[in-house]
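Labels for the chains are A, B, C and D, by order of writing; each one numbers its residues from 1.
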Amino acid sequence: MSILIDENTRLIVQGITGREGTFHTEQMLEYGTKVVAGVTPGKGGQEVLGVPVFNTVKEAVEATDANTSVIFVPAKFTAPGVYEAMDAGLKLVLTIAEHVPVHDMMNVYHRAKKMDVRVIGPNSFGVISPGKAKAGFMAHRIFSPGNVGIMSRSATNCYETVFMMTNRGIGQSTCVGNGGDMIPGSTFVDTLPLFEADPETKVIVMIGEIGGSEEELAAEYIKKYVTKPVIALIAGKNAPKGRSMGHAGAIVGADGTGSAENKEKKLKEAGVLIADSTQNIIEILETIPGTK
Amino acid sequence: MDLMEYKAKELYDQYTIPTMRGIVIDNLDDLESKASGLTFPVVAKAQVQVGGRGKAGGVKFADNLEELKEVSSSILGMDIKGHIVKKLLIVEKLEVKQEWYLSIILDRLTKGPMVIFSSIGGMDIEETAKTSPEKVLKAGIDPLLGIKEYLPRYLLSKSGCDMVYFDQLYDLLYKIYKMFCEYDCTLVEINPLVISSDNKLVALDGKVTVDDSALTRQPDILEFRESLPDDELILEARRFRFLYIPCEPDGDVAVMSNGSGMIMSCIDLISQKGMKVGAALDLGGGATADRIKEAIRIILSNTKIQMLFINIFGGITRCDEVASGVKLAVEELAENKLILVRFEGTNKDKGMEILESIQGNVVAVDGLREGVQELDARKGQL
Amino acid sequence: MDLMEYKAKELYDQYTIPTMRGIVIDNLDDLESKASGLTFPVVAKAQVQVGGRGKAGGVKFADNLEELKEVSSSILGMDIKGHIVKKLLIVEKLEVKQEWYLSIILDRLTKGPMVIFSSIGGMDIEETAKTSPEKVLKAGIDPLLGIKEYLPRYLLSKSGCDMVYFDQLYDLLYKIYKMFCEYDCTLVEINPLVISSDNKLVALDGKVTVDDSALTRQPDILEFRESLPDDELILEARRFRFLYIPCEPDGDVAVMSNGSGMIMSCIDLISQKGMKVGAALDLGGGATADRIKEAIRIILSNTKIQMLFINIFGGITRCDEVASGVKLAVEELAENKLILVRFEGTNKDKGMEILESIQGNVVAVDGLREGVQELDARKGQL
Amino acid sequence: MSILIDENTRLIVQGITGREGTFHTEQMLEYGTKVVAGVTPGKGGQEVLGVPVFNTVKEAVEATDANTSVIFVPAKFTAPGVYEAMDAGLKLVLTIAEHVPVHDMMNVYHRAKKMDVRVIGPNSFGVISPGKAKAGFMAHRIFSPGNVGIMSRSATNCYETVFMMTNRGIGQSTCVGNGGDMIPGSTFVDTLPLFEADPETKVIVMIGEIGGSEEELAAEYIKKYVTKPVIALIAGKNAPKGRSMGHAGAIVGADGTGSAENKEKKLKEAGVLIADSTQNIIEILETIPGTK
């Protein structure tokens, strides 16, 4: 097993005829992902890399039984794209774009929760279950199959960690890019239950950062429900106060909310192993028996 | 981005949120003609993007035109915590019966708008929340539903305020929520929201923060941002779609990477070693040689910086492009600052070759932690 | 309630939904002056609240004013299935390339608005659904979301229509959905929605149904309803907030009760016995003696009715009030029609006493089924 | 046990200071219902029959831990009242008013489903669990405790049935007034799982009528999931076609959708016992052993 996506994923690429869309469709197909349809308004009836293109997500779903969508469109079209995917009945929608207005995501978030749809991103590399399927733009060559589940607010810190893991022979069950935005579609607490339930995942790695309360909420959840070992890194301890670090979500309030100190404290109380750098994550992983 | 009070007031006026009549001046020549419509006494307030202007002497009263000229000339051009006062907001003074607090924030915990209300206004709401938590009411708004009339009723009733203000508060909430949504705000704060002697609610100060990611659809806010005095390097970086982040004022190490998570990790590791990061630059996507060169130029024009750590990681990044960019920069800039380069990606070997060919103070390192160790080893050598 | 076509067209015009230019007349004197702005040929359509006007000769074409006068005079005043034509809608004739079908209904199954679209228009959509089900597209609208642009795109794309009409269809859907919501509609139907020779979408006919419960907030629709010729007894009953329901035209039994469920049960039981119910009256709440009397007066003024079954059940109904009402009615009306009374509630004994004291053809029964058996036993005795 | 309401119900009456609200509050209190708060804007701080009145539902909930609300306000204020109750966190809201605009209820329905709130009504007598609690305006004297669960689109047909049941010594676990509107907050399929799960309910009586598809959907559900005996009455077989019978929901389409014939057919196929009159319901109940 693995979580969210695997060999049974039947993927739609929204924006397949765009430059990014086509390039990453090729990458995803090459990785073995079942990309069953693309959607670009006005390009219905065409084919991209052998994948049929539809005018609307609903037609794509009706024709191909797709169950997941990844959206490769510019920021301002991201929310409309998610609405269309949700309305077409999809229950897992991945969004990639950076700089999606936070009001758009606020509305998407509330709607998705109420429709029981899982939205990943935006500002995310997507999701990969190594050896099975990828949906997103991550550099898949550094990933390898294994039993460590990773969820990360940062793409680069996740890559760095995965790169070192793979070099040391430790693989991943699934890597989820939660994305660096202020209001992501899914947060750690949304992903934790899946990793906890996944028999293939033995250890969970959580790459967090300053800002927001996702790590604190995760700590509460872990304390109550998670039995598997969890390793956490909080990036941004030394980031300048009150300044956005590019990730819109990584900003510490004037009152100290969202500080790394508080997050690490809460996580420690929940029994989480704290790593002080990406490399330290690997060092800790190597102390846990059965990790591979 | 935070709007200055005068810009917030402009938006309030646009949404017919009651404010005091006022003018904005940026020089004394305009003062007399612009002030002719105002009724004295008035208050003149320095427009700067920093708190504490009152204590710094940036807010002064005037009973007549002569006094106004005097205080205006004393405030315009003043330096408040490093911010030069270029604009002055002058508004009519109001007879105040009571001061409340009202804001709508985008709350990260509930992931929706939240109204904060207090019958104690005029001071820092965080302070009130500490001293009298029961006086600070919070109520979430479901964005799929918007403002319903039970919200203002709850705020007044629960805080023991007179229900006679219900209509005015409902109207006000409706308008600021509309503005909050239409202007992509993450904060709209009225502090104090005052009750005048004739029982009218008036917004006496305004603080508005607009989502940076939404500026492309907020042309007038974008224009306001362009008009702001900002760090020259931030503006220069923005022109290339880089994000330049000033860090410790006396830091001598700079960090450049292609992702904010990695930048934070680098700063953390460098700080662990007791070094100070002075600036960071996020390249974003598309690390071509030309862009790398420009980024190096921008960050090294911060004269405090002695060492630059370039850390680029991405499966689809071409390391030879990165190396070529470094080479171009070193050749053009001819500065002898230390540049440490770490990369992973396609054509790494070719990239290493190019780095080795550079005539200058450039060092290639393998790995993030190794790079930081190298920085540590070389600090003070320049 | 169903709006007539001319009223629907008025709403369409209000929402700038493209229709043909037209006029409405209710007498021939107006015709010439009103028609002066129209370009011939035109079509004159009888405005009646019943289907099949075309076959009945209620729709006719005219190439010039003379012909128009002729057809107008032949249609105005015409009797179509018992409905007298009092209004005539005259619209310009259109060169039609293609006919589509478009509607928004309030769908009871999904409990939300649903768009129905077909590239086969101009005929009964139920018929198309039977003969070519694949040609009838249905798509639900989430009322919390409204119309998004992928909806018209889906309709055109899936039905193989030319995407060149996307902008027009999106605009049209947006407008009729707005009207659907703002006018509390349960149906807005455009059939046919035509493509003119210059590729414009035009609503050639309109059918609109407005929720009766919402008429209090739809003053112009309420006014339209008041202007309609309706069953005199329905109008009379409405004045007392009763609901009068005409049933079988030749039925001689009437049913009166204080709830529609009970009325349906009574009609079912009576029909099981082979009797025919001619009318029913729902009293609603508040069964005072005065209201009972008025209700009896109204229902018995239907001359076909020979027997009236009053069945009132409610724990808080006072049976003595009901009985007094019956007594008042019998005394005032002095008709010898049979009135069967069954009630349950407070003061039942006292009510029975009053009933027994009535000088007239009034019978008290105990229980619903017993009442119906009594009706059966007495039928034909009057 | 019983369903929806019982001795643990802590009830708010919205519109408590109105004529109807006060009258029925008295009735409900008399029946033993725990009416813990009333809400009328502008009347906060007053008391009605010893029940404290608040300006808003949220204050009432905060002060009294109420868990249910019954709304006694005119039709046009019904939807706003439901929104307020839902937003204050209540998960069961009963609406009484007749002639609520169907668009109002459409919006309420969709919002309630997405917030996981159960709305009963409008155009409903409410809910009563005889001997425990009542919330609504039903004439409670005719009810008696027992093991038959009733759900009804019609108040009068329900009363008639209950009256005869009680006279014959057959009691009710809970009676739910689904209401006669075109879009009720809850329909038979929403209530069936509760009756099926309630150990106290042995037999389920469903009083339906022409119009809509609630009975057909119920039949499908019963076929799959309901093990208890179900008796159904469909009123309106002989109602004039195409004419609303006062219940906005009781109207048969020109194409025959919503006809009693179809409903009875589907219910029979699902093993439901069909009664041809309210009295027949009792006759059938008396043939089922253990009914009391």
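What we mean here is this: contacts are C-beta pairs under 8 Å (C-beta built on N, C-alpha and C of every residue); 3 or more make two chains touch, one makes a residue touch a chain.
Predicted model only: the values in this text are computed from it and were never measured.
A.B. asks: Going by average Cα coordinates, which chain is farthest removed from chain B?
C.D. replies: C
A.B. asks: Please tell me whether B-D or C-D has the greater number of C-beta pairs in contact.
C.D. replies: Top pair by contacting C-beta pairs is C-D.
A.B. asks: Distance from the CA centroid of chain B to that of chain D, rounded to the nearest Å?
C.D. replies: Each chain's C-alpha centroid was found; their separation is 54 Å.
A.B. asks: Taking each chain's centre as its mean C-alpha position, how far apart are chain A and chain B in Å?
C.D. replies: The mean C-alpha positions of chain A and chain B differ by 28 Å.
A.B. asks: Determine the centre-to-centre distance between chain B and chain C, using the mean Cα coordinates as centres, and give it in whole Å.
C.D. replies: 61
A.B. asks: For chain C, give me the residues that contact two or more of the other chains.
C.D. replies: 142, 144, in rising order.
A.B. asks: Which parts of chain A, given as residue numbers and ranges, touch two or more other chains?
C.D. replies: Residues 111, 114 of chain A touch two or more partner chains.
A.B. asks: How is the touch graph of the chains shaped: line, ring, star, complete or other?
C.D. replies: Graph shape here is other: it fits none of the named patterns.
A.B. asks: Name the touching chain pairs, please: which are they?
C.D. replies: A-B, A-C, A-D, B-D, C-D
A.B. asks: Would you pull the chain A residues touching chain C in the complex into a rising list?
C.D. replies: Its residues touching chain C are 41-42, 44, 54-59, 62, 80, 83-84, 87, 111, 114.
A.B. asks: Quick check: in the complex, which residue numbers of chain C touch chain A?
C.D. replies: On the chain C side, the touching residues are 139, 142, 144-145, 148-150, 153-154, 157-158, 163.
A.B. asks: State the interface residues of chain D toward chain C in the complex, per the touch definition above.
C.D. replies: Residue list for chain D touching chain C: 75-76, 98-103, 106-107, 109-111, 114, 138-142, 152-160, 163, 180, 182-183, 207, 209-213, 217, 235-240, 243-250, 254-255, 276-279.
A.B. asks: State the interface residues of chain B toward chain A in the complex, per the touch definition above.
C.D. replies: By the definition above, chain B touches chain A via 106, 108-109, 111-113, 126, 142-144, 181, 184, 186, 211-214, 216-217, 243, 245-248, 257-265, 267-272, 277, 280, 282, 284, 313-316, 344-345, 367-369.
A.B. asks: Can you list the residues on chain D that touch chain A in the complex?
C.D. replies: Contacts found on chain D: 114-115.
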